[in-house]
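Two complexes follow with chain A in common, the first pairing it with chain B and the second with chain C.
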Partner chain A sequence: MFKYLFAKAEDIPAGSAAVYFGFSSIIWFVIGTGLGSFNAAKLAFPDFVTGSEILSFGHMRQVHVLAVILGWISMAFAMAMMYITPALGNTKLWSEKLGVWNCFLWNIGLSLGLFLLWMGVSSGREYSDMPFVIDVVVILGLLTPLCVNVFMTIKTRRTQGIYTTNWFFGAATFMVIIVFTVGNSPEFFQLTGLTEAYLTWWFAHNVLGLWITPVAAAISYYVVPKVTGNPLYSHRIGHLHFWSVVVFYSTPAAHHLMSAPLPEWLKSFASVEGVLILVPAIAFVSNLLLTMTGKWRMFVENIEIKFTITGVLMAIPLNMQGGFQQTRAINWYIHGTGWIVAHAHLALLGFSTFLEAAAVYYGLQTLLRRKLYSLGLANFHFWMLLIGFTTYWISITIAGLIQGAGKIYEVPYIDVVIAEHPYMIARWVGGTMVFLGNCVWLYNMYKTARAGTAIPAGRLPHELAYER
Partner chain B sequence: MAFREYKIGTRMFGLAFGTSMFITLYMPAVDIQNVSATSIAMDRQLSFGRVGGFSYEDPFLQGDAKPITVQISQDPKTGAAIESTRAFVYEANVPFPNGIRHPRILGKAPSAASASKGRIAEASEAQGAVFLVRETIEGGVAVPYIENATATRGWTPAATLSKASDSQRLLVGKGKIMFVREGCWWCHTLLPEQTQDWQYFGAPPMLGDFNGESPTAFGSDRKAPDLTHVGSRNSSREWMMMHFFNPRLVQSHSIMPRYDYLWGEKDASGNTIDYDGWRTAYTAYAAGESIYPPEVPVPAADSEARALIDFVLNMK
Partner chain C sequence: MAWKFDNPLHTLCTDDQNEKAKAVWEGESLGGITEDNNRLPPPIIGILLLTIVTAFLITFPLWGQRPNAAIYEEYIALMDSPAIQGKSDAEAMEYMVNKVKADGSKWAHLQERHPLEMDDLRLIKDAIIELKQQKADLREFNILGDAVVMANFEGNWITDPNTGEIRRERVQPWWDKGYTIDIFFIVFFCLGVMIAVKRLPDYGWEPKHFGH
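And now, the complex of A and B:
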């Protein structure tokens, strides 16, 4: 990477930035899930590692969260944007050099921010924990260059229309800058009290609604038609998805603070808009599953489709939960319990991770022109991810229901903790499986870059998956 | 290919996105800003200080530049006996809380009363000040306000501190920093749920209880009980001490981490704390080899553990 930072623009091979982003994202995924597994161990066995400030749960928890969101998920998005946007515009990335710099700054800025958080330098606001100095780095060094590159690539495209995926990419990179800036504005402007709490949760909700879910969905709009060879079932439904995300998904943040003395109209509004999230969700899932018509065997045979369609199928329970748990009745029962933790992992480790993993698998093979080193290891990764995640999700959902019942029926808290203990162990086992699967993935992709069979010109990686 | 075919699309996008931002950001902000601070909110922000997270005064969250809450029963200026009073002492160069710096956030009536009766505009950060939370009746309605006792009564920070013994000082501001830095709020919420919580853990927060507080540290995940009123449920300093040093001393099934490192190197009597020896003795106790657990060292007056305990006991 370093040799390209100061190279002439024409000396940088096309796709370099995407490759660097791809490998960085896998490394951050290994780090993020490793931290997650360590944290889960501490919840199951509180005396696991003690006596050190920096290895305590309170110092590591937010490092896990932000390593996964800004390291794995967002860098995998950047990787996908840097090869899918030009491919769909029949052009090159606007500036490969800006992309390489973006990847470099992203790794530096994120490492610095996470190091400070680990040392306890925190703003004390969930999901926007990083001190505002780092927030400025994130906005100017990470998000803005990405937005500029994506916008300019779309602008210099050589096709007539803009495909759904690029609509999403362009809008999401723009919206995430707004969301990040506004969400961290309490720190810049010293906003306090309920305003600050509401803006914190507005950020936490909209970073999902306007960044993670739409971009993950946009990736699958590219991967499924590309790999199966079927055209997208309906562009109109794609647009319904896009517009309903912008209108409905950007407003229900207040449901995170149903117990706070926020204006009642805001809570009711958030509940109604929350259920309307089902509009983009159903549009997305039906569109993708109908695109698979006649090619369902690829769900079994093809590793990218396997990942993508699993992710799409996870969007069904995800959005059913998400839509209805914002209503007051259900929020009353499950808010603040492990159910929410499970739901958040269903969104990030289930739905979006599976879609991004497919994009990184497919992108690295295409850009490096190398066949996957081992399909067996890729399948192993898939099953470790799926079984590990499922174990995690089921155990924490049950734990959350126990907590909810304890909350409603005034059970002494310690009895709830005792009842949750087996599920905490199961959660740790599931999380560790995900971590081990990711280590295997990193090895597999490293070997692909070093020793994968070269893909001849004019062929696509998935066409020769089973050829020797 | 130019962007112009998409003019309608981009304008529609701006309209849709702008409208949703207007409803979700501007309208609630107007509603929330019209709320007046309660006396709880004033107590909170005066005892916590300006900000409870990263700031230039305290970049590494050590709890520097924080106010001290004292309970005095002697007038610091005259020495005469007075009714027991809770005062918030800001020594020189300790940044004032948001309600003093931006009185507008206190709301209409409280900010007017704080300016006219409380004379808060005369307080100076460079010299320090002592604040009190007071109440006045205006038009039959009780209005809380902040009094700058340095201006109204001539109480200096040094004189006020000298009237309070160590047990009458609460390092609440520093404790809030510890609460945020050590991530207590990842498991303990500071916002009771709208369930039987409101009966079991105490009254729900009211509109205006949070004005000026930053960060609110509500938390989102309850792996542990809500702490909004914990000082009313359990006011034992000894229990808190054992609980923070090793939670399994008082609750054998607790999954809370140990916060023994907040004790620092020396205990209250100036002896070096022998952590290894303590752990060995505790392991023997946990294995059933001894009847009593080892004695928990008393935290030093300036230790981080002391501040955290003060913060927790202050939440009533």
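And now, the complex of A and C:
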């Protein structure tokens, strides 16, 4: 990467930025899930690594969260944008050099931010834990260059229309800058009280609603038609999905604060908008599943489709949970319990991770012009991720329900801790499976770059049989 | 561009614009990806409508129901009764709640939804007694923490029974629980999506992509 930072623009091969982003994202995924496994071990086995302040749960939790969100998920998004946006515009990335710099700054900025968090320099606001200097770096050094590159690539496209995926990419890269800037305003302007609480959760909600969810969906709008060869079922349902995400997903932040003394109308509004999130969800899932018509065998045979459709299917429980857990009656029971942790992992480790993994698998093979080194290892990765995640999700959901019951019936705290202990062990087992699967994935992709079968010009990776 | 009222799903574009759109739609492979022009299957339209209705129904009884001053009037009347003298705050509150419940109150439902403690009552007691002396309609005042404030509603024009002044009624209507903004949201969203979608060629047209 370093040799291209100061190289002439014409000397940088097309796709370099995407490849660097792709490998960076996998490495951050390994780090992020490794930290997750470590943290889960501390919850499952309270005597595991004690006595060191910087290895305590309070120091490590936000490092895990932000390594996964800004490292794995967002860098996988950047990777997808760097190769999908130009492909859909029948053009080249606007600036490969900016992309390489973007990737370099992203790794530096994120490492610095996570190191500070690890050392305990934190704003103390969930999801926007980074100190304000790092927030500025994220906005100006990470997100703005990405937005500029995506927008300019769309602007310089050689097609007349803009495909659904690129609407989402363009809108999301812009919206995430607004989300980061406005969402961190409590830190920039020392806002306190309810304003701080509301804006913190406005940020946390919209990072999901206007960044992770739409970009993950946009990726599948590309991968499914591209790999199956079927046209997207409906352009119109794409419209419905896009506009309903923008309208309904941007507003219900107050559902994170249903018990806070916020204005009643705001909480009511959040509840209604929350259920209406099902509109884009239904539009998205139905459009993708209908696009699969006649190609369902690929759900078994093709690794990218296997990942993508699993992610799309996970959007169903995800949005059903999301829609209803913010109604007051349900929120009253599950708020502040492991249920929410499980839901957050269903969104990030379930739904979106499976879609991003497909994009990284597909993108790296296409850009490196090399067939996947081992389909067996890729399948192993898929099943480790799916079984590990499912174990995690189910066990923490059950633990959350136990905590909810304990909260309502005023069961002594220590009894709740004892009751949920087996589920904490299951959580660690599941999380560790995900981590091990990712280590295998990193190895598989490294070997793909080094020893994968070369793909002849004019062919696509999924058209070739597996061989080496 | 013309809206055809007899055919609401008909495209808003002229024939020329449609022909151009069709040519672009069929001619662009978008890097190997193409898009079809299908409409939503009816069962999915049903689910979407059900979702919108559910969103409103599920939150309807809970929306923005503020506690008004009238619902605590009966408690305040009991605060100085001999029956609660010598009792602890918790016991006194329990007695008052049970007594009001047993006597039957038209506010039973709201009293249950907005419970409070003796200290809360002490904070609002004087303000409510003063309002009663002024013959104010207690339903027009909301309890916000320790403050009794004029309710933020604008209902029908009425003649104030005390002053003869013509003003708006401030009692929270049974149907206004703060959802009007949601209805605006939905209406504008549906209009927006409909106009965006109606700029495209008609549903009946099927693009012929390369190789499909």
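The rule we apply is simple: the second predicted complex is superposed on the first by the 464 of 468 C-alpha atoms of A that agree within 3 Å, B and C clash if a C-alpha of one lies under 4 Å from a C-alpha of the other, contacts with A are read in each partner's own complex, and residues count from 1 in each chain.
Definition applied: contacts are C-beta pairs under 8 Å (C-beta built on N, C-alpha and C of every residue); 3 or more make two chains touch, one makes a residue touch a chain.
Because the structure is a prediction, the values reported are computed rather than measured.
On the shared subunit chain A, the superposed partners chain B and chain C are arranged side by side without overlap.
In the superposition on chain A, contact is made by A:T159 with both chain B and chain C. Judged by the touch definition given at the top, the superposed model places A:L232 against chain C, while chain B stays out of reach. When the two structures are aligned on the shared chain, A:A253 is found in touch with chain B, with no touch to chain C.
Counting the residues of chain A touched by each of chain B and chain C gives the higher count for B. When the two structures are aligned on the shared chain, A:T327 is found in touch with chain C, with no touch to chain B. Contact with neither chain B nor chain C is seen for A:A40 once the two complexes are overlaid on the shared chain. Once the two complexes are laid over each other on the shared chain, residue contacts for A:Q403 go to chain B alone; chain C is not touched.
Applying the stated contact rule after C-alpha superposition, one finds that A:V182 touches chain B and leaves chain C untouched.
Applying the stated contact rule after C-alpha superposition, one finds that A:V275 touches chain C and leaves chain B untouched. Contacts of A:L240 after superposition: chain C is touched, whereas chain B is not reached. Of all C-alpha pairs spanning chain B and chain C in the superposed arrangement, the closest lie 6 Å apart. Touching of chain A by both chain B and chain C, each in its own complex, is seen for residues 159-160, 243, 247, 251, 261, 269. Listing the residues of chain A that touch chain B in their complex gives 42-44, 46-47, 50-53, 56-59, 61-62, 119-126, 131-132, 155-160, 162, 171, 175, 178, 182, 186-187, 190-200, 202, 243, 246-247, 250-251, 253-254, 256-263, 266, 269, 332, 335-338, 340-341, 403, 407-410, 413-414, 417-418, 421, 424.
Interface residues of chain B, counted against chain A in their complex, comprise 1, 3, 6, 12-13, 16-17, 19-21, 23-25, 27-29, 31-33, 35, 41, 45, 51-54, 59-61, 98, 102, 105, 180-186, 189, 191-197, 199-200, 204-225, 247-248, 251, 253-261, 275, 279. Note for the complex: chain C touches chain A at residues 24-25, 28, 30-41, 44, 47-48, 51-52, 54-56, 58-59, 62-66, 145, 177-179, 181-182, 185-186, 189, 192-193, 196-197, 200, 203, 207, 209, 211-212. Within the complex, the chain A residues that touch chain C are 87-90, 159-161, 163-164, 222, 225-226, 229-240, 243-244, 247-248, 251, 261, 264-265, 267-269, 271-276, 278-279, 282-283, 286, 290, 323-324, 327-329.
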